[in-house]
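Take a look at the structures below.
In what comes next, chain A is part of two complexes: it sits with chain B in the first one and with chain C in the second one.
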Partner chain A sequence: MTPEPTPLALELRDLDVVYRVRGQDRQVLRGLTLTVGSGESYGLVGESGCGKSTTALAAVQYLPSNGRVRSGSINVAGRDVVRLSRAELRKLRATEVSMVYQDPSQALNPSIKIGRQVAAVFRVRGIGRDEAEERTAAVLRHVQIADVGSVMNRYPHQLSGGMQQRIVIAMALAKDPALLILDEPTTGLDATVEAEVLDLIAQLQAELRTAVLFVSHNLGVIGKMCERVGVLYAGRLVEEGPVDVVLQNPRHPYTVGLIRCIPRGGVRKDHGRLDTIPGFLPPLGEELPGCVFVDRCGLAREICHTVEPPLYQLGEHHISRCHFHEEAPELPRVIPADLGQPLPLDRSSTALVRIEDLEKIYRQRGHTVHAVSGVSVSIWPGETVGLVGESGSGKTTFARALLGLVVPTAGTVEVDGRVVPPKLARRSREDVEALQIVFQNPDSALNRRHTVRRILRRALKKLAGLTGTAAAARLLDLVQSVRLAERYLTVRPNQLSGGLKQRVAIARAFAGEPRLVVCDEPTSALDVSVQAAILNLLVELQVERRLSYLFISHDLGVVRYLSDRIAVLYLGRLMELGPADVVFDGPHHPYTEALLSAVPTIDGGGRERIRLEGEIPSAANPPTGCVFHTRCPRKIGPICEQEEPPLVTVERDHMMRCHIPIEELRRLQQDKDAITA
Partner chain B sequence: MSTIASPAAGSEARIARRETLRQLLRSPTFLTGAAIVGFWVFCAVFGFAIAPHDPQDQSFTPLLRPGGAHLLGTDNLGRDVFSRVLVGAGDILKVAPLATLLGIAGGTVIGLVTGYFRGLVDNVISRIVDAWLALPVIVIAVTALVALGASTITLIVVIGVVFMPIVSRTVRAAVLGERQLEYVQAARLRGERAPYAMFVEILPNVMGPIIVEATVRLGYAIFTVAGLTFLGFGVQPPSPDWALQISDGYSLLNDTAHQGNYWIVLFPGMAVASLVIGVNLIADGISRALER
Partner chain C sequence: MARFLANRLALSIVTLFILSVIVFAATQLLPGDVGRNVLGPFADQKSVDLFNHQVGADRPLLVQYGDWIWKFLHGDMGRSLQYQVSVWSLLGPSLVNSLKLAAEAFVLVVPLSILGGVAAALRRGRLADRAITITGLSLTAVPEFVSAIFLIVAFGVFLTWLPVNAQWPQGTGLVGQMRYLLLPSLALVMVLFGYIARMARHGTIEALSADYTRTAYLNGLGTTTVIGRHVLRNALLPTIAVVATQTGYLIGGLLVIEKLFNYNGIGQRIYIAAQNKDVTMLQSGVLLVGVVYLVATFIADLLYSVLNPRIRFGSVE
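== the complex of A and B ==
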């Protein structure tokens, strides 16, 4: 890069930030130095608790009341924000720097209409009412909001999550800031919506040449959006460089570990286990005289414990803070790749679970909402079926109907060829024991007033019928099988980390002899290293017990890793069902194709993005004909609007609901891949 | 309970509880309330021993002004007002907490049932509760006490029952928030029956709001007991109850020759007010410590 004539958008020098907890200063950022040049996009990655958000907050002096900058400097657009007065700081925030947070519904004031809310950005700078309104309409058009007039007159809750985030981005960019800070801006959004928002940010950034600090735990997103990336661990920058160099040739063991945790490039459970990063982040404010990563590092030697590694210059702009950075790419695996192969499947026998024409209709104030419309899926022993689709596609309702938590309007659930009662309370203990679930959020799935021991003992009593010494012995087996240390039995869930909580939740589901476990986004609330450990655990349990999973996730890499077959839902309808490789490699349904292309991967490049136009239609008022025709990029004509395509077997084990013949799809999709390649 | 308890982990739970307690003990609001209530409890228990005169002794000159041998004067029957104020909390401090306890217990059960089952059960019970709430507390209580005859037991039962629907609304709101959490579904998925889900799974998680509600209700219970006693339906003579003193003395307020004999009414009145304020300060302190 050429020397900058304009000041750097953001410059942090030797920044130390501490939080005061119980009367003691705990260090959160340790001598952090980084710069974001004018017009540059810089990504900051790391797991939760590494100090990413603290960095973002410190840059605009929004640290919580117990946090302060102990030493070092923060320059935004050439001004030292630590030394600015309140008035100057306010002016800086009004003109030079903007922030976009994770949850747009909390960033917008729920009681102020969009128009007035966005106009406030202009009004605060002394622009008159009429001009502010005009410019509001202009910025909303700029973020590709189609019906500006009506959107300005609505309240935030009347808009979808993706729309809300676009409004927030419009507000952030309205003042043409020198620096835009994005803190996990797409984490709560569906893959297709995330892709749209990311495209929008990239396009606006290129147009306005705004400098961006992009904070995310998602390496794929950073890879897509940023030029340079910094990897943060325990408040220290451990590696930094151009994004493709760092992602393709990482030279710090932490970066290497992070990338290895992610199931990608079509890796599947029968190819081997995912690697993980052992151990935990050091507690807040711990004294770390040597390398911050030493306790979890496979390369650590004597020197790493005592001497803080300097920043090694590896190439142009590529730096790593590791004594043994040459060896980092050969970091020894923590988990041997070849642990227990999944057993081959036999689909000639009776299915373990057979769901026939499941339908669930909710009635709300005169509307009828078809949450699930006639979905049939069978799952064989030892098999994992992945269930994907955007929010509102009926994934969760389908799973809950299977478990008996909601009573379906029509359709049956069979276990071993025997119809089970739709209501949970009417099912026999064996049927209840056979179908279990691991929920998405272990915080709310575990009773915070009960100890781990109590939670598991009760499950053993109700699901396995065990009490007394038999239960005590089984309890120890159970915690061992989910790799949970015995000492955690006496604590309550809120004293455990997210990964440990999820292990308790898994142990609870496995207290009896479950035959099918529904996994409802079990890793989406977890960091990638923890996610890898949990996914490995699920595979090991499956191999040991030959049980089946119905795995719900929006993370297609994770779904692909675990699943033998994939079911794709859209607006409560089954759009495609087939073996995982076939569904992923194609030819696939146009909706599946769009879903796949929306996911940013760290392998970079790859697929051409297929844009899905418009919002997901409401299930209360689904489109006529093929429900996907309103957004389908491959719509062929009036037939799509008038006639609902049947779900037909297009090739061996592969079913699809589309008017386009399979050969035609194959040709179209191969053409596209050829163009991008 | 455990054979392999880890001392570190066990004590951590205790630290969290101790932290709440420490916050309470550092809150001036809570401490002031506790001091006031503590003072009256002490007086109710030991009042007869520390009072300068026998509260029932009618041998003094009637209607003496405050000062001299009778700090707060004497009433129309020649009893020492100061001694009577000191011991006057006895009955109210028995009736009000027991009534509150009954109201909280009943209200919690109703709230758990309506919040947990929702649907038809909730609709029917909640409409009854709404109708119940529309009637003034005093009217219901007076009617019931006339029908049942005034006694300490009926007073407790009537106030307790009158409070149940009010408490049930608070509990129901808290239960609605909890029951959609997945741990309740997890309980159903291992075949738990509704009572277990309600009382073992949900109840411990809504104890915070219930405790706050209990302290707030206690303040109201004191008011209600005093009000009913004043009207003649509550604590019965010859108890030296504050509200009875007010009720006995208020007809003398228009006696302008003696400055309305204000002391017979004013001091027991202030005593009732201070007790209610004390209880409310405790409620404030607790709810703030639990909010944290």
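== the complex of A and C ==
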């Protein structure tokens, strides 16, 4: 008796999916063909709007009500899901396919206990109550949940984001599905939590041999998690191949562009600008007779406009849909690399901003929460200080205290050596003008009822005191300086794309002549090509105006690109402060080391992951001694639990808060690199 | 949860206190003094003074207020100035009548409008949805005296199916009373249906598009299970809060309906007291409605927190 050959986990053939918008069918997926073999992990990348999530939803037949499969077939575990009856589809969903999506707090029902929610997966397959409960406990243990009994009796909101995502993964794997679809499963999680979740997925996948379709905009994550990758653009697969081949030797201009946008491999602003992809994704459902990427392609020629390129077979399993795939690696740069070098910094002069011993204590239900304790940082003119740390580390509180949006419990903020009042309302107009902010989400930062012109004129009036013709002239300067076309002045923010909105938000911050701009995750909601353009803009503005930035981001590649110095916060304490290269290249603080090792990069391999045990402790009840000792992989002994290490200068310009001597850290960290290399 | 409820309770007490002060102050603003108002313009000053002394209206305001509240808290609402009997002997039966009407309207409107709202949400954008939404909205826009008169004319006068007078004769049984209350209750249903249905529809649509609903479907659960177990419970939480705010209106705000159907409810009682400057009756009546309103709201809060684990197990700030 020979075993039946295992069917492909997912097989899409010439799939066309359309959304009906205002009475017209708009094509979202264009003849998409891809397969995920049994036990294989396949990554699907592309920018927002290119059809990644639609592909995932089509596979489980859960398209929005205006979406439908127009032609082509979708086979999951050998069954054509388009043709399944309702009951058959339910059965397929109950047994063969699972999906995990972005926000775990939304994916769990807030009013049902964890135990019951997970058990439902077993119950629907006709398993009895007691057995379902037992198997629930088993599957939760499998995703490394420590206190299973108590977790089962809790509601989702009582768990952290990382725990919630593990529960969702447990639920997804409880069916032992043939196919697991992961749609941006770690976007929005902290780097350390993301790394843990990814490790868990990789481990479970290796164990269970579940096929995975991994949808993500993050090439680093795909590189770490997948064997093969497909690049999607405007609903069409433009390149596909083994993940290391595609990432190291991309042969479609879109893939090349995507990879070039990402600041990586230690690239810094003084090495040159990031390249971007010009233009925008074609609108939904646009007729594209030639190559879908033609309007944004640096290699485009006559033929690209008229003839749809076939799939060129480039090597084993590597395909590209580009007429000129041989030239793709030499895609001309859109942005010349060498635009204005940042001026060298002069730290002998007075610092622009000096923050001394800043402390912020919140009172919450009788607890005192030390959001920031005793942080001192100075920022010189023209300098960027990057601020990193997990959520809850005090980054935002620190920035807000600097801006006067939060009144610190203790400590001072100096501008040009002058102490400024802690409250924003008490600060002089020059001081308010001098310190500005660009928020993460331009949607909520811009008044959507006002036109761009009105938003900026108001900012000019409030920050620069300009009205009338003076304001009108300055307004034009302003939109030019953020490379925003004048025609956008008359529209409202909701008519703009994310990148354009962020430009408006930056223009608003620049209405007065700011001297320091706090950038709070300004690019984390943007696609990489847009992110690159915004980062370039920030550098150009810095060069032109000798601006300083306090740059907050969880994307360490971005922080490294932009920052001259890096400050690492943990539980409100400054753990390390030093020049960007030193902090990144080491020797670094054990916490920084763990943060860095958590980030998956395209360059792959490299660092060995350092696991942080447990979750970031509550700031209401920080550990004794060194606050990091509960999770520190390099803890040396009782001294770490009893005595808080002081923040000392370990090298020139490099400060660290650790009991381990710097030379010892250097040795330990070099040894590790030697092992992995 | 205890913390949440304690908070709400404390807030209710503060609200009642403020209400009592406002009511008391307002009655003091009525022109003329109490004795003159009751005894009329031709009574001599001496008997007016004597009357004021008897009812305690000549004492300092603070003392009068304190005395009123103290007695109110002990269940003594004083004597009606107009009828010279205890206020409670008149207010009590009116309150019971009001509660009966409110209960009937409540029992009709809540299931009906929630059903309507959920049905509309499940057929969003289709004919049934538009019909329910537009009907509800139009009914809400029609003033209650118009819809009430329409009901009276249609069912009471032409079809003569139902009594036009809501006040049942002595000795009518409970079922008979319900028949008498049907027309005014229907008028109230017409007022409230659109509002509650709209909330239920909105909540359901939100829950239907929530990720956890998708999770449930993708786990292979059937539509009935998904709606019953995952959608409704989360969808109806905000509706409960809305329903609670309407109970106050159902009990104390029905003057027009009571008048049209000639029903002796607490709204009419307070209205008459105000017309006749029956200060004690007016004060205690309004405060009583306030108490009923806050009790209803508190019950809703209790229900809400029992159904919502995010409140039951703190963490929502």
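Please note the rule applied: the second predicted complex is superposed on the first by the 673 of 677 C-alpha atoms of A that agree within 3 Å, B and C clash if a C-alpha of one lies under 4 Å from a C-alpha of the other, contacts with A are read in each partner's own complex, and residues count from 1 in each chain.
Note that a residue touches a chain if its C-beta (ideal position, glycine included) is under 8 Å from a C-beta of that chain, and two chains touch if they have at least 3 such contacts.
Computed from a predicted model, the values in this text were never measured in an experiment.
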Superposed partners chain B and chain C on chain A - clash or fit: clash
In the overlaid three-chain picture, which partner chain does A:491 touch, first (chain B) or second (chain C), both, or neither? first
Tell me the contact category for A:179 with respect to chain B and chain C: first, second, both or neither. neither
After superposition on the shared chain, which partner residues are touched by A:445: those of chain B (first), chain C (second), both, or neither? first
Where does A:459 make contact in the superposed view: on chain B (first), on chain C (second), on both, or on neither? first
Regarding the shared-chain residue A:120, is it in contact with chain B (first), chain C (second), both, or neither? second
Determine, under the contact definition given at the top, whether A:90 touches first (chain B), second (chain C), both, or neither. second
Looking at A:508, would you say it contacts chain B, chain C, both, or neither? Reply first, second, both or neither. first
Output check: A:111 vs chain B and chain C. Expected answer is one of first, second, both, neither. What do you get? second
Clash check vs chain B: of 134-142, 170-178, 206-214 or 296-304 in chain C, the offending stretch is 134-142
On chain A, which stretch or stretches are contacted by chain B in one complex as well as by chain C in the other? none
For the complex, give me every residue of chain C touching chain A. 210-212, 214-222, 229-230, 233-234, 307-310, 313, 315-316
Any idea which chain B residues touch chain A in the complex? 1-2, 4-6, 8-10, 12-13, 181-183, 185-186, 188-192, 201, 204-205
What residues on chain A touch chain C, complex-wise? 60, 62, 90-95, 97-99, 101, 103, 106-113, 120-121, 124-125, 154-155, 157-158, 168, 171, 175
In the complex, go through chain A and note every residue touching chain B. 403, 405, 424-425, 429, 432, 435-437, 439-441, 444-450, 453, 458-459, 462-463, 486-492, 495, 505, 508, 511-512
